[in-house]
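Every chain is named by a letter (A, B and C) in the order it is written, and numbering of its residues begins at 1.
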């Protein structure tokens, strides 16, 4: 049965988040480009409303929201914050909160998740390293069991929220090799508190999403207790993909929302601005671009919601892992490109002004550009879809 | 304590856009919970916090007002009454307040009734006072705050144009509320929205409230809107779109001429 | 209800701070005109204690009969008391039209009277007319963006409330003759459950009253913040005027309610009204349309305010107002 409507409850959620975002996020969004942080007040407000990691079960402080509802919240946050900082803050915690909720030990969940949903601690994901991004198996960080604890050594790089977890509290779900000889079956996922002894952070000044930090950290003989292991030893490679996929679905929604919002700004502009005695909106060159981008981004949006819906179906036992992987990869494949293309044209319509730092659209472009690689590159999305279509025997490399 | 809040869903006319003829664009205007009513609800919830009891919300409106009542439940109200029937179509404030008073008697008795001082679409401010009159209870309008309830007496702060009055009323009474400036309206929390689903939502039709049907709807409405038209225009003035300084100089010249500045 | 039993127009006046509130005389002046159109009598009533000295002015402004309802119990206004005694009075008098000031008190007790009498009431009328013998009540509708004409065809009395300064008090004639009638309030059905504990006046120091200023510089949503109003104050000070605000600006907490101009605020008619960042909904326009000169500054060339402005500048107030101030200073130096 095809039903493209959201539930009454979802509409109420959308309205509440939109209203909150209009009052509390829109007025401060651009300032984050300078302050490089999300205001405490906004984080508190989000926590109060129940917007942080709402995918976590209620007994740990979450709302038990399904992926589509999580997507709705992401969409509204994206519309309100062109810097992308709050959308990223949200999507990382929502996605990896779900993984933690599903695979974490009871003890760890009780200890950590309520602090995350209250906005006190940041929960991130750390799989990428200086020499290994798409090639997760290229991870050099190791974890070994010693008596009743685990010792971790290595480094992670290009990680979101390092400063947030290091200064406020919290940690990152991290992947490391436990049994190198087992390849994909030898990796383990675990929670790594960033304020642990042996962690040294560093920060990167990147192109956008200025309100949330990007950085890395070295891990020098850091000890973690057994209850911080997520899922079983050796299952990390498989579990981590569930998190990536959730995040990718949210990224697709966020990209569509940011692109469509930019088009709205562009439409207002082209109605006002005149050239050769006519408003720009009367020129078909611009009209056609508008129609094309709007069409692509609208389909992106529905594709994203479909993928998130399918993810939910898998949670209910009604869809397979592979169907979901494919749908999610399809949703993310063109998300960044299509959104950035649309935003780039909106900048172009504004001529020289579009090139100035005053232009909001260039902020949005820089934010969305990060989604070309975050939580999985667009190239990998093509690898995934090909693999699902052709079959495992055609994979060239592991 | 049994507390009731009367609410209304109104078009969101605060963000109205106009087309190039200066005519208001009606499509795509959202419907929202009347802000005065939301304030009344938040005051009522505060009173419930302090003194215990149950807060019900009630509206007389077409079905689409459901989202406004749901919002009230999500904000913390315990129960919703939605009175909706073709029979009420075309009601003016007298017919509306009459039907509401019947529903109140049917679902009550209530210790205290809250209402927004006015609705942002009609701005009449009639419903609160008229419901109070139909019910034969005292009321106060322009209430910015309920100070306390003690010994079955409610103390309120009611605004004047240049000050305020502190007023005591014996319960049951009706309080018509006006938000203080800068009031921070609450947004429904996620858990509030989830809980709202399971709260009683009671639909009532004209037959469910015992009363004089001739006083319902259009037939029960003494007032009629007979005509609607755009506002009268003054003679078109001079609109400057170019250089600001030049425009300003011309205007100042005119003001000097007309002796507004000397 | 036999409509022909109802004759005459009644104006309910208001005593405030031991004086007759000016809106009373404004409504009597308008009532006089309507009474002439209908060829009927005009009545006015005041409630209170020790108020008989005010009776003459009611006559001089145009009332044929001035009713003075005096009683110790009426000394302080209480909603349920005033509505009860006025309801009984009107029930007996049977006027065809009743005009009530749309002040805080009028908007509080007035609707109760309409409910008691089970008749129609129209709030905040911006004009009243007699056309073909019918009483037409005109007010903004749909959130204030269109004008609506309202009638109360089959019920009496037809009650209308009107805000201060919508009409002018005029034709004061000390030689007018009229009747003064003292009436006692009918307290038979009164069951007082309301007590006024205190009345506190909060006077604003230094701020000019918006509805008394010769020049008003008003800001709306386009100002964008509370701080943005500072430059409007600067301009107003230079012009010897007051700063007003649209409803949106007040709702957003940038300006106090006492500065609000519009249908649910003040009606003003200064020599100069400068509307800054105000789109010009009817809601606002009805409060300032009678200003002698209207200047509008707005970024949106389609803003309806430009339809009623004598002069308009399409632009950002943050750039325009400083230039205005600069040029004004130059001019004033001359």
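Operating definition for what follows: contacts are C-beta pairs under 8 Å (C-beta built on N, C-alpha and C of every residue); 3 or more make two chains touch, one makes a residue touch a chain.
Just so it is clear, the structure is predicted and the values come from calculations on it, not from any experiment.
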By label order, what chains touch chain B and chain C together?
none
Going by CA means, which chain is nearest the middle of everything shown?
B
Averaging C-alpha coordinates per chain, one finds the centres of chain B and chain C separated by a number of Å equal to 20
Using mean C-alpha positions as chain centres, tell me how far chain A is from chain B in Å, no decimals.
41
Separation of mean Cα positions, chain C and chain A [Å, integer]:
56
Flagged in chain C as touching 2+ other chains are 301
Find every residue in chain B that makes contact with two or more other chains and list them.
none
Chain A residues touching 2+ other chains are none
In the complex of these two chains, what residues of chain A are touching chain B?
8-9, 11-13, 15-17, 19-20, 23, 48-51, 54, 58, 63, 65
For the chain B and chain C complex, residues of the former touching the latter
10-11, 13-14, 16, 18-20, 22, 24, 35, 92-94, 97-98, 118, 120-130, 132-134, 137-142, 155, 159-170, 173, 176, 181-183, 215, 221-234, 236-241, 244-245, 247-252, 254-256, 258, 260-261
Would you pull the chain B residues touching chain A in the complex into a rising list?
66-67, 70-71, 74, 187-191, 193-194, 196-197
Chain C to chain B touching residues, read off their complex:
79-80, 83, 103-104, 107-112, 114-116, 118-124, 137, 140-155, 193-203, 214-215, 239, 248, 250-251, 253, 256-258, 263-264, 271-272, 279, 281-283, 285-286, 289, 292-295, 300-304, 306-315, 319-320, 323-324, 327-328, 331-332
